[in-house]
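All chains are identified by letter, namely A, B and C, in their written order; residue positions are counted from 1 within each chain.
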Amino acid sequence: MAIQLTHLTKHFGDTPVLDDITATINEGEFYVLVGPSGSGKSTILRIIAGLIPATSGDIYFDDKKVTDAAPKDRHLAMVFQNYALLPFMSVAENIRFGLHNLHLSTADEDARVADALQMVHLSDLADRKPKELSGGQQQRVAVARAIATQANLVLMDEPLSNLDAQLRTEMREELVELHKALKMTLIYVTHDQTEAMTMGERIMVLNDHRIQQVGTPLELYNHPQNAFVATFIGSPKMNMFTVTVDAAAKTITLPMVDEDGRPALIPLPAGIPSGTYQLGVRPEKVRLSLASASEYDVPVTVVNVASLGRASNVAVKNSDVEFIADIAEQFPEDAAKAFVTFPTAAADLHFFAPDTGLAVTSAAEKAGVTDGIA
Amino acid sequence: MVSHNETAVPATATPTPAKRHPWWRSAFWFLLPSLVIMTVFTYYPMVMTVFNSLFATNLTGAAAKFVGFGNYVTIFSDPLFFKSLTNTFIFVACDSVGVILLALLLARLATARIRGAGFFRTAFASTMGVSAAAASILWIFLFNPSVGLISIGLKQLGFGNVNILTDPTGAMIAVILSSIWMGSGFAFLNLLGALQSVPQDYYDVASLAGWSSWRQTWKITIPMVSPTLFFLIVVEVIGAFKTFTQIDLITGGGPDNTTNFIAYKVYQDAFNYRNIGIASAEAIVLTVIIAVATWIQFRYTERKVYYQ
Amino acid sequence: MKYAKRTIHYVLLILIALLVMAPLLLGIWASLLPTTDIVAGHFNSLNISLNNYVAAIQTTPVVLYMWNSLVISSLIMVGQLIFCTLAAYAFAFLQFRFKNGIFFAFLITMMLPFEAQIIPNFQTVRALGWLDSYPGLTIPFFTSAFGVFMLRQAFLQVPRELKEYSDLIGLGRLQFLTRIVLPYTRSTIITFVLYTFLTHWNAYLWPLITTFSDAHRPTQVGLKQLQSEDTFNNWGVIMATAIMVLLPTLLILIIGQRYFRKGLNAGGVKG
């Protein structure tokens, strides 16, 4: 089932919560809504489910307008963050109870319950009460209850956020596999960008009541359309610097100084007009060495070295500007000084207008970007 | 990360689109049964009592003549009512303090983690399962001048042949004693619940710091259970002001009206002397006392519950 | 040292338990003794038997009183469960105009002592022809602000997601109430039901003024009746009736103890 949202807005009293949300979710897609807490993700999900009314705008399932349909007539299933299992029913009863509205024969219900339990590897625990299960198992029951309905659309609201880190990683994979097997349309809400990136086929980034960008994980990562998406997606976060561009001299002036105490310059790729910008550079594009190799290298003091073994996140500093270099090798933990080499390729330098935060791209680059905000 | 759906928020915040009815079609029907009962048996009689208190009434209870605050003037200049009021206050004070102290002692003893604690808890709570009427019979038996063990005991202690219930002070003490006994189970159970919800860690830390068990009681236990304690005090005070059953069964208000507490006086004036106007005025005095006590309780203990 | 302390604690516990239980234990003991022994002060007599109970059942209407109390308490219990649940549901889950005002109107009745309402209520019940009848003894108590408040508090603890879930799977309001809310809050429901039963089994003032015959007289007032009749000096029988009357509520208390301990504290009770 394909879902279409057109110009959805939502106010709680005078408080705006959603502003002009327009999006299309394709049949069978694993679609993720990501954004900081309070950005309206759950609200969108509840409007799609019909649990709360939108202030304005419409919802279509395939070509049918469902804006005013009751939740039960939308034939979808939902997995809640706190699982919303009924504590006084066994696992199997919970799943069966979810089939209430489908008017199946007892035999069919039995089969659905058994299949769903098998799919989440819980067949052995069918007679337990939810509180006799671990968090991860409860979460599986919630998923089983949703898939047992065989709804074409499943909504999940931060289903993994109550689990510990390791279990979360496992469950991510299981959910992705489940989606591959069942091919339902899945709208998945999370505040965790890693979850969004690893699970989603397409991702909607929300902030400040609005859609910031919609795209595949790599589109968001490589072509963030504004400073918010740029810093929200990716870990460690993209470094941001306030810089001035001199188009004639083809230089970027960083808010740092070189070894002689003069403003540090790096070369400007092309196509960016003169002016002041926010410049974003991904930590893994920042190279770090102990000796200066080029005239554009910037000397830095090492603030902290976080060694991961196969890589290092090194916090460095120049003129009170602290940023991160994420290097794919080990770095001496006692190093005090180092030199940073900034990238020179246009694709690695993300310019944003200082006032609007919108990406400023050269004409050539713009042509390559297809998906974006309206 | 805290978003609204992580806490138990009343679903009221978001009525579903399909469920928005005009108010008279939905909630109304849920409230109607209770509203009807309350209107007929609470609001209406309350209004009528106020109304009756402003009238001189005839023997059938019908309002005969408007007397304004005349009935109030009458009762407040009636030494008997004054006596009733004073004795009520004395009783309320002794009863509430007694119940709370006894319950505290019982709860303190019963929270010890020892074998058989469950049995003692049941024993201490048992008076809550004994109705005021049955309890009164048990105590009448104890106070009986010829067969009562208390009377017999007093005689053996050299007090001679006392009839506790015909002695003014004795009757008051008898009513207070039996009332404390009746109220202790309820107060005990509440305090026990509160005591058991004080985290053991606090005591562990205090013990490590070398605090005596008295100090622990005063510095940890009492503050931690103070909301319950306050709740209980108010509840006991309200209950004591309404004391009726014990009086009717044990002393009949006597001797010489010593134990004729206000709720009993309302009953006597209304149903024995058929003086509805006067009884109503007395009932309103009782209402004001109870309302103030209840208001204090709402104000100071239930705030967090009402305005979550 | 530790051993000594524990011993002292036990001695204290036993002493105080005996003291607290003394009126009840003595009552039970007396109910087993022949009245002649009681009157003679022979409490150490070993002539115990159930004769007083047999006599009470055969010569007094105590069984009828207990039946009346059972009917009355059960009717009130069911009535309150239905009426209070409905109102509490509205306050917890529905949006409607004047909600706060109506809730306040409910709460305010907790401030108004029933004792101040008995005169007009007596007149109302008399006008309805309900004196000395089950309806007159029960219908005035079919709701209670305290019950509504206690249940509303419990209902508010039901996670909002369960309401949403029930909307999704197409449960109607009443189904949501009976299949999700009530089971979810069942420990409060049990506390409430037990407490209501206990309170009304023990009711005294209202039945005292509205019952005139044994046909509908409940136990507590029955005790007064028996005590003031010719059996007055037959202590054995009187104690036997008192014990019979208090036994059901004592059992309820013993069984439901844990509910009272948790539930009453949370809601704050006593009407």
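Just so it is clear, a contact is a pair of C-beta atoms (placed from the backbone, for glycine too) under 8 Å apart; a residue touches a chain by one contact, two chains touch by 3 or more.
The structure presented is a predicted model; accordingly, all values stated were derived computationally and were not measured.
More contacting C-beta pairs link the chains of B-C than the other of the two pairs A-C and B-C. Among the other chains, the CA centroid farthest from that of chain C is the one of A.
Centres computed as Cα averages put chain A at a distance of 59 Å from chain B. Separating the centre of chain A from that of chain C, both taken as means of CA atoms, is a distance of 57 Å. Computed from the mean C-alpha positions, the centre of chain B lies at a distance of 15 Å from the centre of chain C. Each of the following residues of chain B touches two or more other chains: 5, 14, 16, 18.
Chain contacts: chain C has residues 159, 161, 164, 167 touching two or more partner chains. Residues of chain A found to touch two or more other chains are 46, 50-51, 70-71, 80-82.
Every residue of chain A that touches chain C in the complex is listed here, in rising order: 46, 49-51, 70-72, 76-78, 80-82, 84, 86-88, 97-98, 100-101.
Partner chain A is touched in their complex by these residues of chain C: 159, 161-162, 164-165, 167-171, 180, 183-184, 186. Here chain C touches chain B in the complex through residues 6, 9-10, 12-13, 16-17, 20-21, 23-24, 26-27, 30, 38-39, 41, 43, 82-84, 86-87, 89-90, 92-99, 102, 105-107, 109-121, 123-124, 139-140, 142-143, 145, 148, 153, 156-161, 163-164, 167, 173, 198, 201-202, 204-205, 208-209, 219-221, 223-224, 227, 235, 238-239, 242-243, 245-246, 249-254, 257, 260-262, 264-265, 268-270, going by the rule given at the top. Of all residues in chain B, only 5, 8-16, 18-19, 23, 26-31, 33-35, 37-38, 40-46, 48-49, 52, 61, 105-106, 109-110, 112, 114, 120-142, 146-147, 149, 152, 181, 184-186, 189-190, 192-194, 196, 228, 231, 235, 238-239, 241-242, 244-245, 248-249, 263, 266-267, 270-271, 276, 279-280, 283-284, 286-287, 290-291, 294-295, 297-298, 301-302, 305, 308 touch chain C in the complex they form.
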